[in-house]
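One chain, chain A, links the two complexes that follow: it is found with chain B in the first and with chain C in the second.
Here is the complex of A and B:
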C-alpha cells in the first residue's frame, strides 16, 4: 500500500497544481474586481445594465450570438499626440517651433520631449493618449476591452470567431430601432450581411382596429404581406436593449485614452 | 534479496553508468532563463490592471493623468459622496434641524484644520454652533476607516467646495493627527472642539 499512498499524493499534487492555476490564480487576480473610477471624472464605471438589457444577455446567449460575434476589442499599442493649447507671449516662435516638430504618433518619451520644447518656447500643450490597432481603426472601439467591461455579465460571452463584426461597442454605433429592424431582416439594413434573420423573435399579426405602435417600419420588399404588421416580442426588445447597452466608451486606469470632451492627460503649463 | 537480482541491477564493472548528456542540462537552464526573461517582460507580474500592450504597471502609470490639485479634489468628491453626502448633502448644506451644513461653516473654513480634521476621525456629539445656528446631534467616526490619503482628500474637497476657502490637507497631516488622537473618545460638542489647540 506504500505505492498506493504515493499515487494518491502524486494525483493530489497534480490536480492541486491545476486547481491553483485555473481557479485560485484568476480569483486572486480578479476576484475582487469592482466598479472602477473613470479618469478625469468623479463617475464610476460600469453601471449595472438596465433590467431589459440584463434579460437580453440571456437572449443573446440562447440564440448563440457569441458563436459569430466577439465582444472584445484588441489594442496593438498606444501613441501620443501633442496638441498646442496656447501660443503664449511669442506666437511666432512657437509656430516656428511646431512646424519643425513631429507632433503625432509619438512615444511617451518623445511626447514629453516635444512638450518640454514647446513649454521652453513659451507655449502650452497637452499630451493626448491615442490607442491604436486594427479593431480601433475599424471603428469598433476606442480602447482595448478590460475586465470591468464585463462586470455585470453572467456568463461573460467574449466569443472567439468574428463571422460578424465585434459588438463590444455596438450600442455606440446603432440605435434601438435599427437593432430591431436588423434582427428581423439583417439585409434590409446591411445589404451584403450574411447574418440569418431572427424572425421568430417577432410576431407577424393582422393589423387590428389601430396599428400597433411597436410595429417595425420595414423598407420596401422586407415587410409582411399587406394588412399584416411585424411586432417585436419581449425577447427581441430585451436583446435589442442589451445590444444598445454595449458601450465601453470611458477612459479607465487600465485602459487610458484621451476623450474628446476631457482632453487632459497630462497638461504642461 | 538474492545475489542474482542484486547483480542484475548493477552495472557491469568497467562500464560507465548511463547518464544524460551535459547539453540537456545546459539547454534546460537556457530555456528556463529565456522563459524567466519573457515572463518578466510580458506578464505584468499578474497585475489585474496591466493588459497588453502595456507590459508593466510602471508603464501603465506613465500614461495616467498627472496627479495634482484637480486629481485630489476628484478623489475627495468621490469619497465625500460615498461617505459624507447622506447626512451633509451632496451640496454641503446639511439637513435643516438634523445635520449642520459644511458650506459656510466657520469650523470648516478655519485657517487651521487642526479642529475640523478630528471630527471625522473621532466623531462628535453634543451642542455646537455652526453657521449662525445651534445644533445638537451625533456624528459617528465616519472617517476613521478611510486611508490617510482619502481622509486628506475629502477634507481638502470640503474646504475647497461650495464657496469654502480653506487650505489643503495633506496625507501626512492626517497621519500625524491620527498618531496624536489614537484611543481618544468622541469629541463632546463645541467645548470638545475648542479644547483642541489650533
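Here is the complex of A and C:
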C-alpha cells in the first residue's frame, strides 16, 4: 500500500457502509414513525406523556438513573391458551373433552386444533395470546418493549444494565406516593435495597402552623427529627410523575397479547 | 552517537513539548477519573453515603468518571503517541508543533467543562456522549487541530511506503471525527425521533470503544513490537488482511439482542460479531509470529506492556465474539455486569497498558534523559494488569451469575442483586490498584516535566551569567 489516499478511500467506504446501516437506516425507518393503532380498539398509542412526566424525564436523565435501570422488556415468544367460554348443549361431553386436552402453552396450530375439537363437541372457546419469557414471568411487563413505547421521549433512556430492576412498566407496579417514599428512602420500602437515596430531591423543613399536605408519611426510623417534615421538591414530583407514566399496557400489531378485559378475539368457532 | 541516533534524537526532540503537554493532561485526568470511579463504587459499600449530595450520586459520578478516563486520558495520551509514531515513521521532525500544544489546552478545558457539566446534572443522557454541548464542540475542535499536525507530518514523510501502524492510525484519525460529529448531530443538535436515538447511541459506543480504541491500540502495538524486537511484523500481508476485515466487520457490532428496535438491526450485529473471528485470527497470527523466538527480556518495560496488552486484546475480543455472536449466550449476559467487564478490559487491560508502554518507550528519547522513576514502570505494569483483570474477572463472573439467575423467574429479584453486591465490593480493590498505577504514571510524567523545566531554567541562567561575564570582561 503506497498512499494514504487509498486508506482514506477504503475507510470512507467501510465506515460509510456501517453509517448507512446503523445511522441512516434507522433514521429513515423510524424517524418518521407515528402513533400506532391499538389492537381491537379505536385508540392510538402512545399518547404524549403528561407535562410533569415529560419534565421528569429530564430529572431522570440529569441524575443518570439509566446507569442502573433499563426500560426495556424482553420476551422469548408467545404461546396460545385456549379458554372455554361456553359449554353449549352438552356440558358433560365438553367437560370430558377438555379434561383430556392440554389447554395452555400451545402453538397456534395446536390451539386451532383444540378449539376445533371443542367446537365439534358443541362448546365455545377463545384463544388468548400470551407472551412468555423471564421478564414477563417476573411481572415486569405484559409484552416486550417496542419502538412505539419511546416515540415521544427525548432523550430515549433505554439503559444497558440492570443493576436495579427494569422500569419499563414501573408505573403499573407502584403508585405515585410509593415512588416518592422510595426515592427519599429506598430502604424504607424495599428492605436492604442497594439503591442510593435521593434525599437531595426533597426538603426537610420545620412544620409550620399547618403541616404541609405534601409531606411524606415515612415509616418509623426513616422520618425526619420530631417537629420536621419531608416535602418533595418540584424535581421529585416530576420524576415520580415520569415513573408513574412508565406503562406499556396496550396490545399492538408488533407485540400482540390478549388483555383480560379486551373484547373476545381470536378463534370463535 | 552515530548518524541514525542523531537523526532520531532531533525528531524526538521536536515532539518534546507537544508530548509533555498531552501526557500531562492525560495523566491528570486518569488520576481524577479513577478517583471518581472509586467514589462511584462506594455506593455499593454504603448506598446512602452521598444521599444529600447531588454531585456525588452514583448516576452522575459514574459517567463523569468514564468520560474523564476515556476523553481525558485515553484520547490525548493516544494522540501524543500517534504524533511521535508519525514523526518517527516519517523520519521527519514534527510539523506545526505549536498546534498540538494549543489543542491540548483546549482539550483539557473541554474535558473539564464536560466532567463538571455531568456532575451538575447537564449530562446529555447518551452513553459516552454525556458531555454538554460546549464541551463536545471544544473537544472536536481540539481533535481536528491535533490531527492537522499529525497529517502534516505524515505528508512530509521521507520514507514514502506506508507501514502497518500507518494504516491503523490513519484510519483512527479519520474515524473519530466522523462518528463523533454524526452522533452529536443526530442525538444532540437535531435529535432524531424515538429509538433511532438508541441505535445511533449503540453505533457510536461500539465504534468508539471497540473500533477506535482497537485501531489505535493495534497500530501502536504493531509499531512497538517490531521496533523493540528488531524484526519486521510477521507478516505484513496478514496484518493488511486483518486490518481491512477488522474495519469492515467491527463497526457493525454493538446492537444488543432483544432491543426494542426493528429486528434486522440486532441480527446484523450478531452476524458481524460472528464474522469478527476472521480479523481476530489474522491479528493473533501476526502477533504470535512476530514475538515467537524473539529473545528479549522485557523486565516490565515497554515490550512487556505491548505483549500483555495484545494478549488481553485477543482474549477480550474472543470472549466478546462468543458473548455477542451466540444468541443464547447474549440472552444470558446482556444487560448484566458482564458488559461493563468487557469495557474495563478494553480500556484498562488493553488500551491504557499499550499507550502507557508507548509513552515510556518514547519519553527517554523525547526528554533527552532517563525516566525519573524507572522502577515505577515495572510496578505500574503489574498494577494495571492485576487491577484490570481483577475488576473484569469479578464483574464478568458476577454478570454470568446474575444473567443465569435472571433467566429463572422463580428467583426473587432481590436475591439477584444481593448476589452481585459482594463482587462489586471486591472490584473496588481492583480500581484502587489501577489508581495506584496511574499515580505512578503521573509521577513520572510530572517529575520528567519539572526536571526538564529546571534544566531549562539553569541553562537560561547559565547563558545569562555567561553573557554578563563577557560584558564585564569587555568593559
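The rule is short, and it goes like this: the second predicted complex is superposed on the first by the 255 of 269 C-alpha atoms of A that agree within 3 Å, B and C clash if a C-alpha of one lies under 4 Å from a C-alpha of the other, contacts with A are read in each partner's own complex, and residues count from 1 in each chain.
The rule is simple: contacts are C-beta pairs under 8 Å (C-beta built on N, C-alpha and C of every residue); 3 or more make two chains touch, one makes a residue touch a chain.
These numbers come from a predicted model, not from an experiment.
Once chain A of one complex is fitted onto chain A of the other, the partner contacts of A:77 are limited to chain B, with no touch recorded for chain C.
Touch criterion met: A:68 reaches chain C, while chain B stays clear of it. By the touch criterion defined above, A:146 reaches both chain B and chain C. In the superposition on chain A, A:41 contacts chain B only, with no contact to chain C.
Note on chain A: of its two partners chain C and chain B, the one contacting more of its residues is C. After overlaying the two complexes on the shared chain, residue contacts for A:256 are found with chain B alone; chain C is out of touch. In the overlay built on the shared chain, the residue A:129 is in contact with chain B alone; chain C does not reach it.
Contacts of A:33 after superposition: both chain B and chain C are touched. Once chain A of one complex is fitted onto chain A of the other, the partner contacts of A:162 are limited to chain C, with no touch recorded for chain B. Comparing the two complexes, residues 25, 29-30, 33, 75, 144, 146-147 of chain A contact chain B in one case and chain C in the other.
Of all the residues in chain A, the ones that touch chain C in their complex are 1-4, 7-8, 10-12, 14-15, 17-19, 21-23, 25-27, 29-33, 61-68, 70, 72, 74-75, 134, 137-138, 144-151, 153-158, 160-165, 186-187, 190, 192-200. Residues of chain A that touch chain B in their complex: 25, 28-30, 33, 37, 39-42, 44, 75-78, 108, 129, 144, 146-147, 253-256, 264-267. On chain C, the positions that touch chain A within their shared complex are 43-44, 47-54, 57-60, 62-63, 121-127, 154-155, 160-162, 166-167, 170-171, 174-175, 178-179, 182, 186-187, 191-200, 202-203, 207, 240, 244, 247-248, 251-252, 254-256, 258-262, 265, 268, 331, 335-337, 339-340, 402, 406-409, 413-414, 417-418, 420-421. Of all residues in chain B, only 46, 48-54, 60, 62-66, 74, 77-78, 81 touch chain A in the complex they form.
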